[in-house]
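Per-chain residue numbering starts at 1, and chain names A, B, C, D and E are given in the order in which the chains are listed.
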Amino acid sequence: MDPSQLRFILEELRFSAMLPAEVLDQLAAASTIKQIPAGTVIFREGGTNDNLYLIRDGRLALEMSVPGRGAVRILTLGAGEMVGWSALLDEGKMTASAIAVEDSEVVVAEAEKLRQLCRANRDFGYHLMEQMAAALSKRLVATRLQLLDLFAASPTPVPDRTSESEA
Amino acid sequence: MSSSYVAPLPDPRLATDPWRASTVAIRAVRPEVEGVSTYDLAFQDEAVRASYRFAPGQFNMLYLPGAGEIAISISDDPRNTATCAHTIRVAGNVTRTLAGMKVGDTLGLRGPFGTSWPLAECIGRDVVLVTGGIGLAPIRPAICALLHQRRQFGRLNLLYGARSPDTLLYAREYDDWSERGLIVHTTVDRSALGWMGNVGVVTLLLERLRSFDPRNTVLFCCGPEVMMRFTVLTALNRGMSPEQIWISMERNMQCAVGLCGHCQLGPDFICKDGPVFRYDRIAPFLDVEGL
Amino acid sequence: MTTSTAVKSKERFLSKEAFAQLFTVLRDHGYTVIGPTIDQEAIVYDRIHSVDDLPLGWTDEQAPGSYRLKPRDDEALFGYVVGPHSWKRFLFPPEATIAEANKTDAGWQFEGTTDDPPKFAFLGVRACELAAMRVQDRVFLSGAYVDPIYQRRRSRSLVIAVNCTQAASTCFCTSMRTGPQCTSGYDLVLTELASGFVIDAATAEGADILDSLETTVALIETQQEARAARQQAVQQIERRMDTTDIRDLLLSNLEHPRWSHVAERCLSCTNCTMVCPTCFCSSVKEVSDLSGEHVERQRHWDSCFNFDFSYMNGGNVRDNTRSRYRQWLTHKLSSWIDQFGTSGCVGCGRCITWCPVGIDLTEEVAAIRGDVP
Amino acid sequence: MHSKPKLGVFKFASCDGCQLSLLDAEDHLLAVAGAVEIAYFLEATSRIEPGPYDIALVEGSITTAHDAERIHQIRRDARFLITIGACATAGGIQALRNWADCPEFVRSVYATPAYISTLDTSTAIADHVKVDFELRGCPINQYQLIEIIQSLLAGRRPRTPVHSVCLDCKRRGTVCVMVTQGAACLGPVTQSGCGALCPTYNRGCYGCYGPAAQPNLVSLTNQFSAAGVPRDDVVRGLRSFNGYAPEFRVESDRLENSREPHA
Amino acid sequence: MTERTIKVTALTRVEGEGGLYIKLRENAVEDVRLEIYEPPRLFEALLCGRQLEDVPDITARICGICPVAYQMSSVHALEAALGITISPEIRRLRRLLYCGEWIESHALHVYLLNAPDFLGFESGLEMAESFPEAVKRGLRMKKHGNQLLEVLGGRAIHPINVAVGGFYRAPRRDDLQRLIPDFEWCLQAAVETTRWVAGFQFPDFSCDYQLVSLAHDDEYPMNEGRVVTSAGESIAVDDYEEEFEERHVEHSTALHSLRKKTGDTYLVGPLARVGLNLDQLSPTARRLADEVGIAWPTGNPFHGIVARGIELIHAFEEALSILRDYQPARPPRLDYSYVLGAGCAATEAPRGLLYHRYAIDADGRVLEAKIVPPTSQNQPQIEADLREWIPQALSDDEARTSRQCENLVRCYDPCISCSTHFLKVKIDRS
């Protein structure tokens, strides 16, 4: 795809919308666009993966496998969100599997290229990592909220304190 | 906006003695999800039934003699005058006793009490309803009212998070709501086999919401306090202002009329100054621990 | 206060001997007299029948966490300040049946309260207590919903105020602008002198009572003597509370370290709220007979200091003493203003005297203001 | 028809007063007897039915090795186990031995100590098995007991107020004996349940219902000291019928171990 | 040679928990033991070092059925040690409190514990199905007895108003006199009770008792008096320990109280009291004692239920007379100063004579405590009576034999929680 077209796409994505122009150019140059049919496994937990993905359209799911429970879907991600941070930060050792829930379109950036860009251009590195950190912090907060299990019913009924009852 | 959606004056009979309940009979019990049922209650006294009106967001006090009384938000279509629906989760002694009751049994009802969703504010604007768990119940009357006068509003989005796919409330109504112009987005915290929908906390849906015009949107939020805090945070981050955000608070409502002191939060009695508050009014007191 | 029309002030003099007739007159007017009497080593408010029940020759010595009865060297009947009880005990009773439910063939049927109190005559109401009644009137009578029990009791009661001629060390009514002089809210008002009382009526019902008593014109000297006696109370008030911008002061200091400091001492025992003449928190309990077919809903005094007062969804919102004390003080002095257009504090000092560990709210406010180290 | 829930009443080291509370509920006794099957209640009936029991009321503390075993069997037999009274919930007055040299205690009472087989401690039932609900008091309040049984019969979880005795004093118009007399009253830290008896009878509360929720013992005992109550008396006051309840125990130990010269 | 043992593992319808062990050889009684497996609670030890004001509160906890008896004996013993004499008003109020306890305890024993034996029921609650009116009558008497305890003592179990020197607060006249109409009803109910139980079938059984109780010149024994016996002795309470002794008996693990000089067993409780103080009974009680057709003093332990009925009448009648004349004592409690000393006292608990002795130091602390409860005094007598009773009770049906033995034991209304804390107990459940 034409890098200028890619740049235009990146400008529209929540993850990259705030990046300065030259960073966007560089990112666009390091990226391609890809169609992923529903059901495609993009990478597997424990496996390696060389790319960072930004979802343009469609929905991806992250799954972790738990013995006895099989693949547990942890999170679904949609347009504007980033998938595959381990490729960039964790030397490509993936912590979850990513599967396309529906036909999706993703921007694919090669992690090694991004690392090289980061090393070569601290400014690029700063801006990319800032977006990475912001995305990850949101995901961390979301995970915490998930962890709080806010919508769980009380495990056992507790006495109402709305009134003291007495025989 | 039809005046029937403005919080009505209390029934004069109730106003003379706020403690006196009216008899209602259970007309129907609809199991919703595990531990949650909807009870259609009908007033025994025709005169009371005829004069009873509520606005979306208000609550009733349901009284089970011997077991106690609890505040339950009304989850019915405000145009329904024959019965009044309450969606209730078994959580304590009163709700557990209620769960053991059957069609035809009677109980006491006081209400309606409290403030309502500001539907008039929504005219000509987009509306986002963010809700979690049983928090959809107090939003349902607002959905009914919005859809009834659908053309008066812009885009309508419901963002609803539940614990798991089998705990999504009112699932049988989503298609109807969608057809009538409400976009229903659901997500679950705990996925299950075969669930093809979203997984993740409900605030993420707000984060992802497209076609979102922060300056021309009214947001209603109802759910656990922590969820509401982060929903508001997300909404503010997306450019909404505090005056466009309305939340429905919960405290230990006992008298429902501001006389017993139990449900105070800062300068407000949740029962009479709430439960629906504009966010900027309640904001200074929402983040203070133990207030 | 009875709802009769106000009348113009015309001070009269009532001798001590004639004062004794007041009880007969009140009884003839159908009143049950509630007034000060000595019980349990304190001057309490209880049903009294004659002048003999009054605490003749007794006074109280008060300090934070301390109250002692002391004999006086004169024969004053009202020579004390305020005690452990307040009139709210009679207007907003500690236990009351607010509603009833009866199971019939047609299901549960509900009744409101059947509270039918006697007509009370409150004898010896102080200025701060008149203010407290006004505060509770706002709470129970001014909103969209009216408490029927309070309303009935209040509308039928006669208020006979007595001006303070002395103050306790815990009094700070001057700071709250509620006293010590009675200015409104009474049917009759008395100022006690060695020889008798200067008495005045403010309502037609008060005037009616006054006319039934043997009084004489209050001489100028007597009126002056009464003024001096009242002034003596003003001069004795030592305690102060700076109420400047107090609403915002407290609400903008919700995380002040002083809350933790006071929580180290506070017992969360509820005493301050119970003795407070304006505190109105309550809870309802279900009292059913054995068949379970007749149920009474009994309202009783409760307190924001009660551990599970803020119980919700299996936990307590205010789960420690710090948050509970903060709730009480910010409500009383600050958010009360938002809710009812008045402070919830009348400066009677009961919460200071009757705190078992002598916590003094004026000191706490000063600390938050930064006035004490 | 459903068979009636089975009630068992079991006794450990105690005075019998708490189970007597059930027999003292004269107006309710026959109704209770009609609503449950009294399957084990030695004091009231010679009919002894084997477990399991739907409701087991357990009175008394664990003071012997045999009882420490026996309570486990009762727990196995009980669907809902309720401990009743200060002995069962806090070890009772006999828990004073926990601070003493128990063999010496035994020697001082019994001429032939060898015959006495007892543990060195008296402990609460909850120290040995899971307890579903604790009903406080020395003795318990019979209305609370009836209410709990009725709650369980109605499928409700029982509850009892956890606030301080002070609230009850004020409701009934009792004047504070701490403030008027300087009495060392445990009311501000003691759980409601008795109806504020002692202050109403002109004496300080001595803590029959054990610690209230979140009691501030340190502040109260500081106040006692300030009022001139000797530290030994404060320690002794805390060590009575609920002396071994954790909050009271920790405070009496703290006072005993503090060696402030002026205290 | 045939050997049989009869074991009643758990005595029912008695206060506290104990068992019965009987060993027979050739149908002759070889061993009879009232086995008490109540764990010891060591009251006498834990009283030492306590301030004397704590004593009535602590001793109350010895027994939930008769806390007042423990409070009364302890305050009287401490007052003796302190050298204080209470006022007549306080003394009357204490008698009134004691009446409340007798009523509560006797009504409980008669209706819920003992009567079912005579009528063939396993409990009073079961008996209520066949005799609803009688049981309701019993419960109502018990309730009013408890109400008296509540007004005077604050609560029925472990009253809080009993103090060394008097009462913490004198009850209001109105509060007490409000009880009068119910007590008038109860007096009649007690008469009916006595007639009812006197009509029961009593086994033909008699023992040659040495009866021991307090006796007082002016009144039926309750708070004080001399210790008198059916042998004609009159012993000052101060000399109690000269005449009575807790002794280790070979066949038993329990300490038995016996006559010190002769080693004889003796009987305390209602049978002894009625038998030795017939002329001090209230008029109605005295009339009923004659009417029931029992020759007092009786040697038949099964007559205990009738004696309790008579004492119920007495307690209601005496309570009524005190209630009618009641004036609050001023002051309700006498002041005193601490002195080094010792004192003893005996009062009549519902189950019989209860002896306390305390030594106190000059700071008001307990140095030594001795408590002899009624059941430890009756225990050797119970065992002795069982030996006599077994040949008559014996049958091939083991359960029946056990029940017969239990029936006898229940007649004494043993209070095991009380006794155990002072008895020498060996916990042996073989």
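In the analysis below, a residue touches a chain if its C-beta (ideal position, glycine included) is under 8 Å from a C-beta of that chain, and two chains touch if they have at least 3 such contacts.
Quick caveat: nothing in here was measured; it's all calculated off a predicted structure.
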**Request:** Can you give the shortest number of steps from chain B to chain D, where adjacent chains in the path must touch?
**Result:** 1
**Complete:** Of all chains, the one whose CA centroid lies most distant from that of chain D is A
**Asked** When D-E is set beside B-C, which has more C-beta pairs in contact?
**Response** D-E
**Asked** Which chain's centre, taken as the mean of its Cα atoms, is farthest from the centre of chain E?
**Response** A
**Fill in**
Comparing each chain's Cα average against the average over all protein Cα atoms, the nearest is chain D
**Prompt:** Distance-wise, how many Å sit between the C-alpha centres of chain D and chain E, to the nearest whole number?
**Reply:** 25
**Asked** Using mean CA coordinates as chain centres, what's the chain A-chain C distance in Å?
**Response** 63
**Item:** Rounded Å distance, chain A centre to chain E centre (Cα mean)
**Value:** 81
**Complete:** chain B to chain C, mean C-alpha position gap in Å, rounds to 40
**Request:** Name the residues of chain A that each touch 2 or more other chains.
**Result:** 154, 157-159, 161, 163-167
**Item:** Shared interface positions of chain B, touching two or more other chains
**Value:** 66-69, 91, 93, 96, 252, 254
**Asked** Of all residues in chain B, which touch chain D in the complex?
**Response** 66-67, 93, 96-97, 100
**Complete:** chain B partner, complex, touching residues on chain C are 98-99, 101, 103, 106-113, 139-140, 143-148, 251, 254-255, 280-284, 286, 288, 292, 295, 297, 302, 304, 309-314, 317-320, 322-323, 326-327, 330-331, 334-335, 338-339
**Request:** Name, in rising order, each residue of chain E that touches chain D in their complex.
**Result:** 10-17, 38-46, 48, 50-51, 54, 57-58, 61-65, 67, 104, 108, 112, 116, 122-126, 128, 135-136, 139-140, 142-143, 146, 154-158, 160-161, 163, 168-169, 248, 253, 255, 403, 406, 417, 421-422, 424-427, 429
**Asked** Which chain B residues qualify as touching chain C in the complex?
**Response** 10, 15-23, 25, 44, 63, 65-69, 91, 105-108, 250-252, 254-255, 257-262, 264, 266-269, 272, 284, 288-291
**Message:** Give the list of chain B residues in touch with chain A in this complex.
**Reply:** 34-35, 66-71, 89-96, 132-134, 161-163, 167, 187, 189, 191, 193, 195-201, 203-204, 207-208, 210, 223-224, 226-227, 230, 252-254
